[in-house]
Amino acid sequence: MIAIDINCDMGESFGNYQIGNDQAIFPYITSSNIACGFHGGDPIHMERTIKQALLHQVQIGAHPGFPDLAGFGRRKMDLPPNELKAAVKYQVSAIKGVAESLGAFIRYVKPHGALYNLAAVDESVSNTLVQAIREIDPGLMIMGLAGSLFQEICADQDIRFVAEAFADRQYQADGSLRSRSLPESVLVDLDVVTNQVLEIILQKQVTAYDSTIIPLEAESICIHGDNPAAVKVLEALKSAFEKQGIVKRSFR
Amino acid sequence: MIAIDINCDMGESFGNYQIGNDQAIFPYITSSNIACGFHGGDPIHMERTIKQALLHQVQIGAHPGFPDLAGFGRRKMDLPPNELKAAVKYQVSAIKGVAESLGAFIRYVKPHGALYNLAAVDESVSNTLVQAIREIDPGLMIMGLAGSLFQEICADQDIRFVAEAFADRQYQADGSLRSRSLPESVLVDLDVVTNQVLEIILQKQVTAYDSTIIPLEAESICIHGDNPAAVKVLEALKSAFEKQGIVKRSFR
Amino acid sequence: MIAIDINCDMGESFGNYQIGNDQAIFPYITSSNIACGFHGGDPIHMERTIKQALLHQVQIGAHPGFPDLAGFGRRKMDLPPNELKAAVKYQVSAIKGVAESLGAFIRYVKPHGALYNLAAVDESVSNTLVQAIREIDPGLMIMGLAGSLFQEICADQDIRFVAEAFADRQYQADGSLRSRSLPESVLVDLDVVTNQVLEIILQKQVTAYDSTIIPLEAESICIHGDNPAAVKVLEALKSAFEKQGIVKRSFR
Amino acid sequence: MIAIDINCDMGESFGNYQIGNDQAIFPYITSSNIACGFHGGDPIHMERTIKQALLHQVQIGAHPGFPDLAGFGRRKMDLPPNELKAAVKYQVSAIKGVAESLGAFIRYVKPHGALYNLAAVDESVSNTLVQAIREIDPGLMIMGLAGSLFQEICADQDIRFVAEAFADRQYQADGSLRSRSLPESVLVDLDVVTNQVLEIILQKQVTAYDSTIIPLEAESICIHGDNPAAVKVLEALKSAFEKQGIVKRSFR
């Protein structure tokens, strides 16, 4: 039987501002990357989201980002390594303590947005993240882009790395994600999304924008919760998984 | 031999903005209330301040405040109890995790500014703070105003409360602090400050603005680090303590 | 023929966070209160919203609030009068200049949220707002709660005050709005909303929560754009207005 | 007689956080670049600083920056051109309206920090700034780095550009400033600073870090107010100017 994890960014609402559709998404996922209050999220939404994750028995990961609410953490920022390290340690500590106070546990860390993209290609950022996370809790797993430099660096340092692939993002021939600033970077057709996910799970490959076939091994599939069609995507995947005998299960 | 703790708010600088004179003050104090990033402070200053506290063997407390950098946490904010509780839990968790990653430990929590003042008189705020702190770590002590409602509520709930008094703030006849918005609320004359501190330690009382004598039992004396004369105050206290045989020592 | 203005808070989205449904609402309203970036809104949403107002020939008002994005300007803040005045002047100047650069004009100022509520009852806040607005442009009208102290103070100072009433908020016997923290403070039934609006326009009165009849003269009716039913409310009012021969028209 | 303008960044304090030493610096300068609340400054400090400029008859420029208080506007941010334009228009409008309400006028705009550095080399940023400023007020002058791409672009577009040089920053052979992240980027010796300024004014050149002589024509000399020695630098320049018959005078 083939098992796969489905993860989604959660808890990114801020104050009166709602983003994503967490309540509708929780029943479909097995891992939730919960925002830590820097790129999105705030203390009360963090608590609510952790409680929802507990209720739905969904695994929890810390989802730290750049300190940039206005840019939702999607703008590259030039933080010196010691500031970046401190910012990540602060965020992971905050959610770790809050989760433990509610009887939950943080299992992994997945960087958000521009920090995620930098970690995939920038050795200094990758190393800084690894150090920050280790200093807070050496038992935490790290989630990042399958096939990235980040995966290599974690392997070199004996960190349990969870490789993920994207359901609704177009890949480029070099294995990176097509930038959101370009057209057709986000897949919207349900069949296209479903086929990409099945290709990743069953054939361990993905077809890039220019039709190149890229080998890809992923333990988790990322769904974007701020995509208005997120629930439809999850429904479509559920049906496809049932037909193919694929089971959703958290990674360990 | 009489022993007393000296505490000071530390780590309140933010980004490029420096406030206080932490490096000059650390040698004189026995407890440091370190900002948690909401009313002041940021992750990199938090790390630096914890390292300084370790170096000077100064006890560390979490110093959470309202989420109001522009008002430095000194403006009363109407947060619903569940939001206030979440905000305090987030801040205490953040500094607790960061401190532990550096080999340090948080021993107590002292609320900041308007939150401190509200805790002294508002039952709901007091109870919310107690719950928040207990949920993060029931072993944490709480520091607050000597003789306040906060002290009573902590006593009722079997929380170890550390009563503090102020070196450089004028008291009112009811035992509260004279508001910063009024004239002569902050004591500046070194002799006046020294005499107030000695009166508190040796006679367990303080003389209010209108000359009323107020009984007061304090385990710690608070010095304001953003007072430009802070180091001179600490020097004056050091001399006075030596003459009187008073020893500086952290509370437990 | 009876004419009435319909106003709505607009442009309150921030960065990646969308709030309200501005595009769907613009065709139905005659005045738009555009956020100025403190309680909500940001420069790019401000520009977009001004352009939409121009396109739909909808009158523009500045909508300044407390500097509290996390609380959406709905939490009372104790700003000293000179800071409040400076904050309002800054916000009104910003939107005025941006509007003029796009060929639009700010006609009025309506304070937001907790600032709106304070202005209705607090003489100091009312006066501070009047001074701030006058210093930026003495030709600006002020919009506020019909029958409030703010209306009296503007009358005393010969400021053109536009009295507004609320379509979807329950009134209390003293003419104030029932607090959002209480149940049944927001009207949701379309017939109830429509009847309240017609009662205000045609009978110059409103029926309070306890059935008291309150005399009320309003030149404008406020619709809440963050109410998910806002468009349905506006549709229902459109039909009712047609039946009753009421015309929507901007105040002058 | 040789005349030169001396400019300094002013009004960058935020809430309880003081930066720079504006009161001591105003008597020595002829142009003040006043922060607009994004990288530093806030409404109340903006008002106070404008009043000080009026009192000292010092010319006022808007000093917009990236929306990054934590980084003091010194971190490069990837804002799309329309967002950057909106952010600059918002800031310039805000200070323009506030200044006019106080009987003062904004004469020029000087971008701050990372935005200043980008404008010097990036055509898109330069053009975006020019458009933003023109849309708010085509009569505003622009201040930027002498000899930069920004100067060329302003010349091409018939914008009055005020070329400035730096008193206390080391130049590189290509005419750019040596990065603050490198050693010896900031000049501290008073004689070295004075000689660099005299070289710029009298010989229309500057000697770079590697001893290259760079031709440089500047109408204004920038002093950094957050340099603790700023007043001493200004005193030294005053003496040197008196000896050399150089007069301080605002550009027009």
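By letter and in written order, the chains are A, B, C and D; residue numbering begins at 1 in each of them.
One rule holds in what follows: contacts are C-beta pairs under 8 Å (C-beta built on N, C-alpha and C of every residue); 3 or more make two chains touch, one makes a residue touch a chain.
In this text the structure is predicted, and so the values were computed from the model without any measurement.
Q: Would you mind naming the chains that touch chain A and likewise touch chain D?
A: B, C
Q: Name the chain pair with more contacting C-beta pairs, choosing from B-D and C-D.
A: More C-beta contacts join the chains of C-D.
Q: Once the Cα atoms of chain A and chain B are superposed, what angle does the rotation have, between 0 and 180 degrees and to the nearest 5?
A: For the C-alpha superposition of chain A onto chain B, the angle is 180 degrees.
Q: Same residues or different residues where chain B meets chain C? The copies count as same if more than half of the interface numbers are shared.
A: The interface of chain B with chain C is built from mostly shared positions.
Q: Roughly how many whole angstrom separate the Cα centroids of chain C and chain D?
A: From the centre of chain C to the centre of chain D is 40 Å.
Q: Would you mind pulling out the distance in Å between where the CA atoms of chain B average out and where those of chain C do?
A: Chain centroid spacing, chain B to chain C, equals 42 Å.
Q: At which residue positions does chain A touch at least two other chains?
A: Expected reply: 42, 70-71.
Q: In the complex, go through chain D and note every residue touching chain C.
A: It is residues 37, 42-44, 46-47, 82-83, 86-87, 89-98, 101-102, 135-136 of chain D that touch chain C.
Q: Please give the residue numbers of chain D that touch chain B in the complex, ascending.
A: The touching residues are 14-19, 40, 42, 69-72, 74, 226.
Q: Name, in rising order, each residue of chain C that touches chain B in their complex.
A: 67-68, 70-71, 75-80, 181
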